[in-house]
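What follows is one structure encoded as structure tokens, with my remarks underneath.
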Amino acid sequence: MRDIGTLLEALPFIREFHGRTVVIKYGGAAMEDANLREEFARDVVLLKYVGMNPVIVHGGGPDITEYMERLGLPVEFIGGLRRSDPATVEVAKMVLVGKVNKDIVLRLGRLGQPAVGLCGDDGMMLTAERVPGPNGEDLGNVGRIVNVSTGVLDHVAEDYIPVIASVAPDASGDSMNVNADEAASAVARALGAYKAVFLTDVPGWLSDPEDQTSVVSEATASEVESRLSTVSGGMVPKLTACIEAVRGAVGSAHIIDGRVEHSLLLELFTVEGVGTKIVPDR
Amino acid sequence: MRDIGTLLEALPFIREFHGRTVVIKYGGAAMEDANLREEFARDVVLLKYVGMNPVIVHGGGPDITEYMERLGLPVEFIGGLRRSDPATVEVAKMVLVGKVNKDIVLRLGRLGQPAVGLCGDDGMMLTAERVPGPNGEDLGNVGRIVNVSTGVLDHVAEDYIPVIASVAPDASGDSMNVNADEAASAVARALGAYKAVFLTDVPGWLSDPEDQTSVVSEATASEVESRLSTVSGGMVPKLTACIEAVRGAVGSAHIIDGRVEHSLLLELFTVEGVGTKIVPDR
Amino acid sequence: MRDIGTLLEALPFIREFHGRTVVIKYGGAAMEDANLREEFARDVVLLKYVGMNPVIVHGGGPDITEYMERLGLPVEFIGGLRRSDPATVEVAKMVLVGKVNKDIVLRLGRLGQPAVGLCGDDGMMLTAERVPGPNGEDLGNVGRIVNVSTGVLDHVAEDYIPVIASVAPDASGDSMNVNADEAASAVARALGAYKAVFLTDVPGWLSDPEDQTSVVSEATASEVESRLSTVSGGMVPKLTACIEAVRGAVGSAHIIDGRVEHSLLLELFTVEGVGTKIVPDR
Amino acid sequence: MRDIGTLLEALPFIREFHGRTVVIKYGGAAMEDANLREEFARDVVLLKYVGMNPVIVHGGGPDITEYMERLGLPVEFIGGLRRSDPATVEVAKMVLVGKVNKDIVLRLGRLGQPAVGLCGDDGMMLTAERVPGPNGEDLGNVGRIVNVSTGVLDHVAEDYIPVIASVAPDASGDSMNVNADEAASAVARALGAYKAVFLTDVPGWLSDPEDQTSVVSEATASEVESRLSTVSGGMVPKLTACIEAVRGAVGSAHIIDGRVEHSLLLELFTVEGVGTKIVPDR
Amino acid sequence: MRDIGTLLEALPFIREFHGRTVVIKYGGAAMEDANLREEFARDVVLLKYVGMNPVIVHGGGPDITEYMERLGLPVEFIGGLRRSDPATVEVAKMVLVGKVNKDIVLRLGRLGQPAVGLCGDDGMMLTAERVPGPNGEDLGNVGRIVNVSTGVLDHVAEDYIPVIASVAPDASGDSMNVNADEAASAVARALGAYKAVFLTDVPGWLSDPEDQTSVVSEATASEVESRLSTVSGGMVPKLTACIEAVRGAVGSAHIIDGRVEHSLLLELFTVEGVGTKIVPDR
Amino acid sequence: MRDIGTLLEALPFIREFHGRTVVIKYGGAAMEDANLREEFARDVVLLKYVGMNPVIVHGGGPDITEYMERLGLPVEFIGGLRRSDPATVEVAKMVLVGKVNKDIVLRLGRLGQPAVGLCGDDGMMLTAERVPGPNGEDLGNVGRIVNVSTGVLDHVAEDYIPVIASVAPDASGDSMNVNADEAASAVARALGAYKAVFLTDVPGWLSDPEDQTSVVSEATASEVESRLSTVSGGMVPKLTACIEAVRGAVGSAHIIDGRVEHSLLLELFTVEGVGTKIVPDR
């Protein structure tokens, strides 16, 4: 006899999530490894199958740097942020919007689930404003989201999977690079998403950074906030994005390991989950 | 890592079945054994959770005979059919409608899924006509379904689980006992159900009646029909009900083992299934 | 020339009542006499014809006692309430739900107006809690209504006539006998009915119990309440049900003589009416 | 006890007619006698009360002649038709549209049922073409209806009672006098009315014109047509209008006595009726 | 190359006004001159073409006096108001409703845009109360609007152009003459119109009554009010109607020169306009 | 007094075009000249203002070649078609989708009219198949449209202006360069557009290619087809696109001079137009 424990466990979640929006920050290994890329697309299509409305937000990664180098443009990072003069942003935007984004769109489409690729320009969806570097450096066209207008998403998110590239104009129409974790959090808040899920290349938020098995299974926003000073590296912006999400009416935020196949489904459809779940303060 | 094979396998079925109607003939061990009764109710509620519209059709069984005996009424069967004078039908109807039916309704309700108990009288749903016994005997008020009016079901089946007792008036308003397999098939056809599932106390349709492992996994209506003369006992009306169902626009008919926990879910949500699936001729 | 005074008088009421709900407590002679039974059904169908939404609530009466006796079960009344051990309730429920209720449903259906028979179990419509006898006696499974959920009625009451048997589960799922006057009043309040009408075997509320012509034509809830201590017998629960109805947003409550043909129509569609009308305090 | 025979008889008709359109040609004594005028208005309002959609079509009568004479204009009739030069039509239209029509509208409004007064000009509802007199005389601006556009009626007839004056423009925009019987029949056909009712000053169509009791209770269009040559006077255009109505999808046409109070209600709501009912050929 | 400046200028207004209601008080030269009458009708049809909902309110003028004289009725004006005994009002109403109103309706209809002629009687749209003359004289049936019920307009104004004659019943059903400027303002307020436009026979509100070029292009309600004592003649009721309109939720009120072709379009669709625009106080 | 001839002339067209779709092939000088670019965007926004649904289809032009050269990729044209190996298409797609397209989207957005940038990948909108060069050369990833799925456009075209880059996947998911004239024609046919407008850098279709004033104002598809062999250069694919459009249910196709300001408005909103209008055969 087949073991249907996972199915029995999943069915109530499937009911709970029906018609709900889940915003997924996509990046890292799950975007770079060919096999994980395909499995991720399949899992997202399955979410759509069972009645959820997934929205993907993604950044760029290695492709941008590769084109920069081919074009002989300087590549410079300050505090993890890419220094972005107008020529750099033009290239970054072309790669993000014209290549990475459409690759995801086509992959979902070939699996039978039409998707629509968008960036902040479309329907005036995202508005950014320029921000300096961590020490006040001029980073050029690097921005943070100051407004999300969900109109276009409201038009397409029921029948298509929106795929959003994290680039946005500022008030004067200049394009800005925007951190994709932050963009995902902002979109999730604006949509009143049920969940925001951030794919990473670690197992979750570790109580002991040295111990890969020390994943914190669940924590409130305040618990995370109180320990934020002890965290370092790329986990800081992710945790910050999670805190802002659940404080902005998102039901819960999740940090999961994009290197593990089906981690998305396991986090959503099992009682225990596989990563870190951050919930609003009670 | 959890095995999520069953879940991955089930998700496309969940999508396929969303909003679809499945008519379930309920009876036998799954109705008489306290544990199976509870598990069956849970499984039906899970079907509702994931967006299907289950409709239950049931007969009576031992309870009727027990009350007949307590009331000193004669109990007589001819060719598997209960001889039903008006006094017998009155008792049978009271037990079916006032006890067995409402027990099912209450059990579903306690699991958080409201149900509505009905019989052929309600909304003039079923009309029967009197039929003689296999050798022309006068069986009294025993009938076969000649009309199904789905109005009431259309009003409630989206938000409630209809539970239907197999008793129906004839054109002059006299109540008739009706075979529950036949009633389930007729209701499934009238609703244009996606599936009709018949719970039995055997593993399915056996190609060799002596060999419990010889379950026919799938067959067309014509294949079943061509071998019907080799079948005996209670399997005959069930196979006939299946043939009529799939020839009447029901997507497929299934005979499953009600003695096995979750056989309903395994049949519906796994590629291989666990019983016999009868499909329209190609 | 035909006298059309009654018609002219009725038309404005027909307009006033269009689309309104009227809950009718059915019982007594109008349920036991074959001719009155038929006329009552016709009158209810006419109400539906002219756009009202009648809802019938009924108890059981002699049929229950008859089956109790045939089954050799003890029949015992305390303060007008039937002592109800589980075996008694099972029989009472079978008779109420499986016989009396469906007889009404079939009679309406044969007059061309489909009806749906329900009890408190259906759609979790009624919830009861156990009550002791007038002197604290243990009456067994005798209850009073503590919650009404109108979901199922909202689904069917526009296109069908709901016929409700006064039996309801308590919180743990045990079936309780419930007084039908009280059940009718509770259902009327929950539906925000325009009118609640109680059929009795007397001409109405008599200011002088010895004088059948002393019917009080109209009174406010407070007027009735102030004189309730002078009333005796079955009129007490009826008047109490009326007071609770009009204090719970029901437009008016009526006590009429079920022994008189068409008393229902005369009460509703003539200026003077024929029974007692109880209205909210001004 | 009140006699409610008429009410019982009427209720099925009230159901049958619910939401149906009845076009009423109004004129004669019922328009000229102050008491009948008021009773007619009440009856029409009652029709609206019980869910019918009455539409009134009327002509002018004595008021026009009175104003013609006060203005010193010649009054001339040829074969029952008013010779209508442009000056005459201007006066006739002012009286019909600006006085008679609005009197009816105001009377209905004061009874609590808003009405809307219209003529053929409004919404381009009626288009007429010039017709000669019976012997080819030039009658001036006298026309017959060649087109009915029900747009405006479709907008208002559910919530208001349309009151239509029988005047209509021809294709070049000149106003034409139109026979009101013919206009009522044309409007009824265009609306697919359930009934067209013509008020007259006789008891109905008499099989013996000398015998006021010889009213033909019911006849088919062909029966009327075959005897039309034996009819004389104003009954000819009325019978012709009836024949055209029932041959043009109107359910039935009725000729009733406008001098009798409530004849409209008696015809519609009693089995026997009081005038002549003309039905389509079987 | 064609000059399309006016078109470019107009397009944003066309967008702004789409679906908006504009109430137009029609009278004076634009109603009396045959050419202006035709051009006015064309312009109103164009407004409808581009998605606005024009509503026309008109008075009577010379036609009434002409008929009064032909009928030998005394013509008397007190402070610019016509003394109106019942016979006078009957004639005025016939002319207004049965002639002037329908002429406008037919003219619009011939241009391809169906219109519906109404007066205060229709749908109980307007209710008036009797007012004395400026010095307390008894003017007879002269009234001011005390209630507007927009029901009929809500039913027809999207698909037809309502044309409203300024006559209205008082509470007892007697017809009253009503000033058309005042009626237009009352209708505009009740409809929450975007604009109210008053056609006059002067270029607008002149800051120097002697200087036809001194048109005040725009003013607030308070600015107009503070200078109202310096105004004389027919401009007083117009300015008062404008003040009341913009204080009653009408977006703006306009006084324009009906003697100039297309002044309506020029006022609405050019930045500068051609008359006086009165706006709410800021 | 202002000349409002153009406005009066335009209003009936504005009515005619309300709610209609117009597909505009955008390219040439109107895309390369900064001033014309801004004026074109303004004109498109005005079309949206007055209720039309413009859809823009564009190609790439000089930007692609520039990036090819910066990346050291070979630029080669065969018969006017760019030889497109996968590396070339990747760059072309990035420029088209990530730069040119979003520039148009942002420009419309800054004028207050949100737009949505799309390419053939989005919602599986366009499917292409590989085509050889005019002499059978292997052009690489150059394709022609074989299917248009309008789903995404149906979701957004009412509230946004869709801007479509002419790149599309083939059945195996490889991106193809597609001629923008052909893409515009295919989209117009699939949408059942009212008009398809092609911007060029000539005054229209010239009957004498040497004479810039010899613009053919209007021609049928067959007239164009019969003279197609006399045409040369870039006008051939444009005329072919026009013929296919009007033979595929598009109301009319227009070739206009993108170098002239407001040529789009002049063609659509004046009686004479400014370019060549191609209509279906009569």
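Think of it as A, B, C, D, E and F in the order they're written, each chain with its own count starting at 1.
Assume a residue touches a chain if its C-beta (ideal position, glycine included) is under 8 Å from a C-beta of that chain, and two chains touch if they have at least 3 such contacts.
Keep in mind that this is a model prediction, so the values were computed, not measured.
Hopping across touching chains, the smallest step count from subunit A to subunit C is 2.
Chains touching both subunit A and subunit B: none. On residue numbers, the D-E interface is repeated by B-C, which shares over half of its contact pairs, out of the options A-B, B-C or C-D. Mean C-alpha position of subunit B lies 60 Å from that of subunit D.
If you average the CA atoms of subunit A and of subunit F, the two centres end up 35 Å from each other.
Shared contact sites, meaning residues of subunit C that touch two or more other chains, are absent.
Under the stated contact rule, the graph of chain-to-chain touches is a ring, a single cycle where every chain has exactly two partners.
By the touch criterion given at the top, residues 1-8, 10-12, 14-15, 18, 46, 49-51, 260, 262, 265-266, 269-270, 274 of subunit F touch subunit E in their complex. Every residue of subunit B that touches subunit C in the complex is listed here, in rising order: 70-71, 90, 93-99, 102, 105-106, 109-110, 114-119, 121-124, 149, 151-152, 155-156, 159-160, 169, 173, 175.
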